[in-house]
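Dropping a structure here in structure tokens format, bear with me for questions.
Which chain is which? They are A, B, C and D, in the order written, and residues in each are numbered from 1.
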Amino acid sequence: MKTIGLGEAASLIPDGASVMIGGFMGVGTPERVIDELVRRGTGNLTVIANDTAMPGVGIGKLIRAGLVRRAIVSHIGLNPETQQQMIAGKTDVELVPQGTLIERIRAGGFGLGGVLTATGVGTVVEKGKATITLDGKTYLVERPLRADFALVSAFAADYLGNLQYALTARNFNPVIAMAADVVIVDAEHIVPTGVIAPDHVMTPAPLVDYLVAH
Amino acid sequence: MDASTIIARRIAQELRDGMLVNLGIGIPTLVANYVPAGLHVFFQSENGLIGTGPVPEEGMRQARLTDAGGRVVTALPGAATFDSATSFGLIRGGHVDMTVLGGLEVDVTGRLANWTIPGKMVPGMGGAMDLVSGARRVVVAMQHTAKGKSKIVSQCRLPLTSVRPVDLVVTELAVIAFPNGRATLLEVAPGVQVADVLAATEAPLIVRDDVHPMPLGSEVPA
Amino acid sequence: MKTIGLGEAASLIPDGASVMIGGFMGVGTPERVIDELVRRGTGNLTVIANDTAMPGVGIGKLIRAGLVRRAIVSHIGLNPETQQQMIAGKTDVELVPQGTLIERIRAGGFGLGGVLTATGVGTVVEKGKATITLDGKTYLVERPLRADFALVSAFAADYLGNLQYALTARNFNPVIAMAADVVIVDAEHIVPTGVIAPDHVMTPAPLVDYLVAH
Amino acid sequence: MDASTIIARRIAQELRDGMLVNLGIGIPTLVANYVPAGLHVFFQSENGLIGTGPVPEEGMRQARLTDAGGRVVTALPGAATFDSATSFGLIRGGHVDMTVLGGLEVDVTGRLANWTIPGKMVPGMGGAMDLVSGARRVVVAMQHTAKGKSKIVSQCRLPLTSVRPVDLVVTELAVIAFPNGRATLLEVAPGVQVADVLAATEAPLIVRDDVHPMPLGSEVPA
């Protein structure tokens, strides 16, 4: 794990990168990193996240700045700007059931070739997907998702990179931290090694590549 | 009593002690206000919380503690938080005893459409497909009609949420279940006649001999 | 969640039941419940666990008492008694790679129809299993495992049934707590509701059916 | 220096700063005693621990803190614990940078057999199949021969652990890698000649021009 400045962290991410971003309606999203991406105008991004939050909040800032070429998310209901960009053909939106989305990301991080789920069978979600019938029940074969970068928001990080999340800001964060080539963490608190007890570590240090300095 | 209150109070009568229940946004959220006295029910917010409490008092907001609608809430003593994979493991794995969701259409076999109106509204399915496919019991809370048109239809025109039929539909007029895959009228709201329900419903309904008035419990302060 | 006595807890489990048991070489195994099963002679069990521990320790007690008809485990290397019973045809032993075993149990508890893994491809583990080739890579289709009972060992349980595990005694415990029809917990400490902070709960209360009284 | 020490010290030279490393039972465990000065290496025990430390002092045992061999250990400051699903997610998902395991046989293409001798020993694969299939780098630590017979063989007679070839085999005589799928001699132990290695090895070995003595680092106190 390396500690770097905010600008340096954002500069690691090139135009066209795929980026997993933590957060649920903006709660648990690394706002500082998002702001810096907007400032730099890093564009043509593929964003994998639960949602695009609200206009001007969290991932909604990337949407508003027109930086998102493709979004793989479970809903965009609270962000009409995403809906407008989708209809205008500026942003491709792939809608994935939330439980399937997080399980596909987990599969990407946990080295699985995919998972079988009944969610989406017989709906539009099935389109273009392999199905498998086992013991008389039909499942979709859902493939792993990975990204170039994971942008993780943590409550606390220790000097080694061990992470702790708080309350419902946990959501996608520990899962995306497993599923990207480069993991960048913005933590609200940076604490000395040992301050987070082993049983309370939610993302072990070796998963973290960069911690944004305070 | 307004439509939402009737629906929420009726659904609250489905709660049992110790249940893990997921409430969707809108009318379903109101169900938590009418938990019958003496019951302990766990409410899940699928963003990663069991033990969701009411909105906090002024000055006590914690921005990292929200429900699935993004609203700042509180956590009851004994609450638990977890990541989204665990949250949907609870849902898909059948650990959620009951889910209450809104609906756009329910067809005569109980199949629900509630996540998109192509060309008009593309919010996305969020957790709805997993909830309807995975929860032990699926209850739809919705107004009986929209713009004068029945939401209980012969066949869904909108994209389905799941091919799994829901267990119960509760509207401000009626309670409908789907035994043997056929929409069946079980209860009517206070003051509502069976004929009123039939007139307001596009789908053919089987009418049971023992159709009775909805139990609404005693109102419990929120 | 219901609090019951040790005898009553063990009496819930009939001969012939399938039982998932927490623990890794006996660490994190509910010893009291095992002892009571041995005392009652509950037999013909199917045990799903990481291993059969050592002779006379944890699950090794069930083995020694001849109560295990079938064991689905990742290894039996430290328990020669299991090996003897296997060779004598008294106990069927199905050996499953540890990562696949825990993932199959998770699939059972998380409502998945299975997972795809490269582990075991081209080895004896592949025998009798469906394979699937996606993007040129071959995976085994590994099916979910569930059991009638999960016997969970926790460090602390609160009055509602929220659980916390300690250090490496966590292992299979939180996963089996998702994957059985009836979950029975033996906790080292029972504490009032609220003593375990929400972020430190490792198994949420609604998953627990019975807590063994102290 | 005995065989185990040579093997462990040589493998320790493969460690890099910040690596997450899984050590198997037996000789692999000894590698932790020879971490080169100045490196911070994370050691994983697959039962659910990163930051595995040495055995505790007398009187300081914690029975709930063990390594993958069931031995009571300590945890270093900054250690993390987790369940078995996460532990094997780290392994299968390629987050473990290097795994060091024992071996019964390695074939000429680098395929390992190390979990059973049918009819004689059926311990089970434990985590070995996942480790060999999933870790970024797989290093086998084993004696060159067993009862006078080469453990580096033309073809494995024993059931394979994985079809994925290992990256490196380190014995008390030699270091062997498998570029282009062929066993290749890279290094010899101090005082050992290439001819000694060839004589002790059943599999045909490609001998590189630049075969050199094993680096063994400076001994670091355990």
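The definition used in the following text is that a residue touches a chain if its C-beta (ideal position, glycine included) is under 8 Å from a C-beta of that chain, and two chains touch if they have at least 3 such contacts.
Because the structure is predicted, anything quoted here is derived from the model rather than measured.
J.: Count the smallest number of chain-to-chain hops linking chain B with chain D, moving only between touching chains.
T.: When the steps are counted carefully, the minimum from chain B to chain D is 2.
J.: Once you count every C-beta pair in contact for both, which comes out on top, A-B or A-D?
T.: A-B
J.: Centre to centre, by mean C-alpha position, how many angstrom separate chain C and chain D?
T.: Spacing between the chain centres: roughly 29 Å.
J.: Counting in whole Å, what is the centre-to-centre distance of chain A and chain D, each centre being its mean C-alpha position?
T.: That pair's centroid distance is 35 Å.
J.: Could you put a whole-Å number on the gap between the CA centroids of chain A and chain C?
T.: 32
J.: Touching at least two other chains at once: which residues of chain C meet that condition?
T.: 103, 106, 110-112, 117-118, 165-167, 170, 198-199
J.: For chain B, write out the residues touching at least two other chains, lowest number first.
T.: 49, 75, 81-82, 85, 88, 91-92, 134
J.: Let me know each pair of chains that touch one another.
T.: A-B, A-C, A-D, B-C, C-D
J.: Okay, in this complex, where on chain C does chain B touch?
T.: Listed in rising order, the residues of chain C that touch chain B are 1, 106, 108-112, 158-160, 162, 178-179, 193-194, 198-199, 201, 204-207.
J.: Could you please specify the touching residues of chain C with respect to chain D in the complex?
T.: 24-28, 50-51, 54, 73-78, 83, 86, 93, 95, 97-100, 102-103, 106, 117-125, 155, 165-175, 202
J.: Under the definition above, what is the set of chain D residues touching chain C in their complex?
T.: 45-49, 62-70, 75, 81-85, 88, 91-92, 115, 122-130, 133-134, 159-164
J.: Tell me, which parts of chain A touch chain C in their complex?
T.: Against chain C, the touching part of chain A is residues 103, 107, 110-118, 130, 132, 134, 137, 139, 141, 143, 164-167, 170, 198-200.
J.: Please give the residue numbers of chain D that touch chain A in the complex, ascending.
T.: Answer in residue numbers: 18-20, 42, 49-51, 75, 77-82, 85, 88-95, 97, 134.
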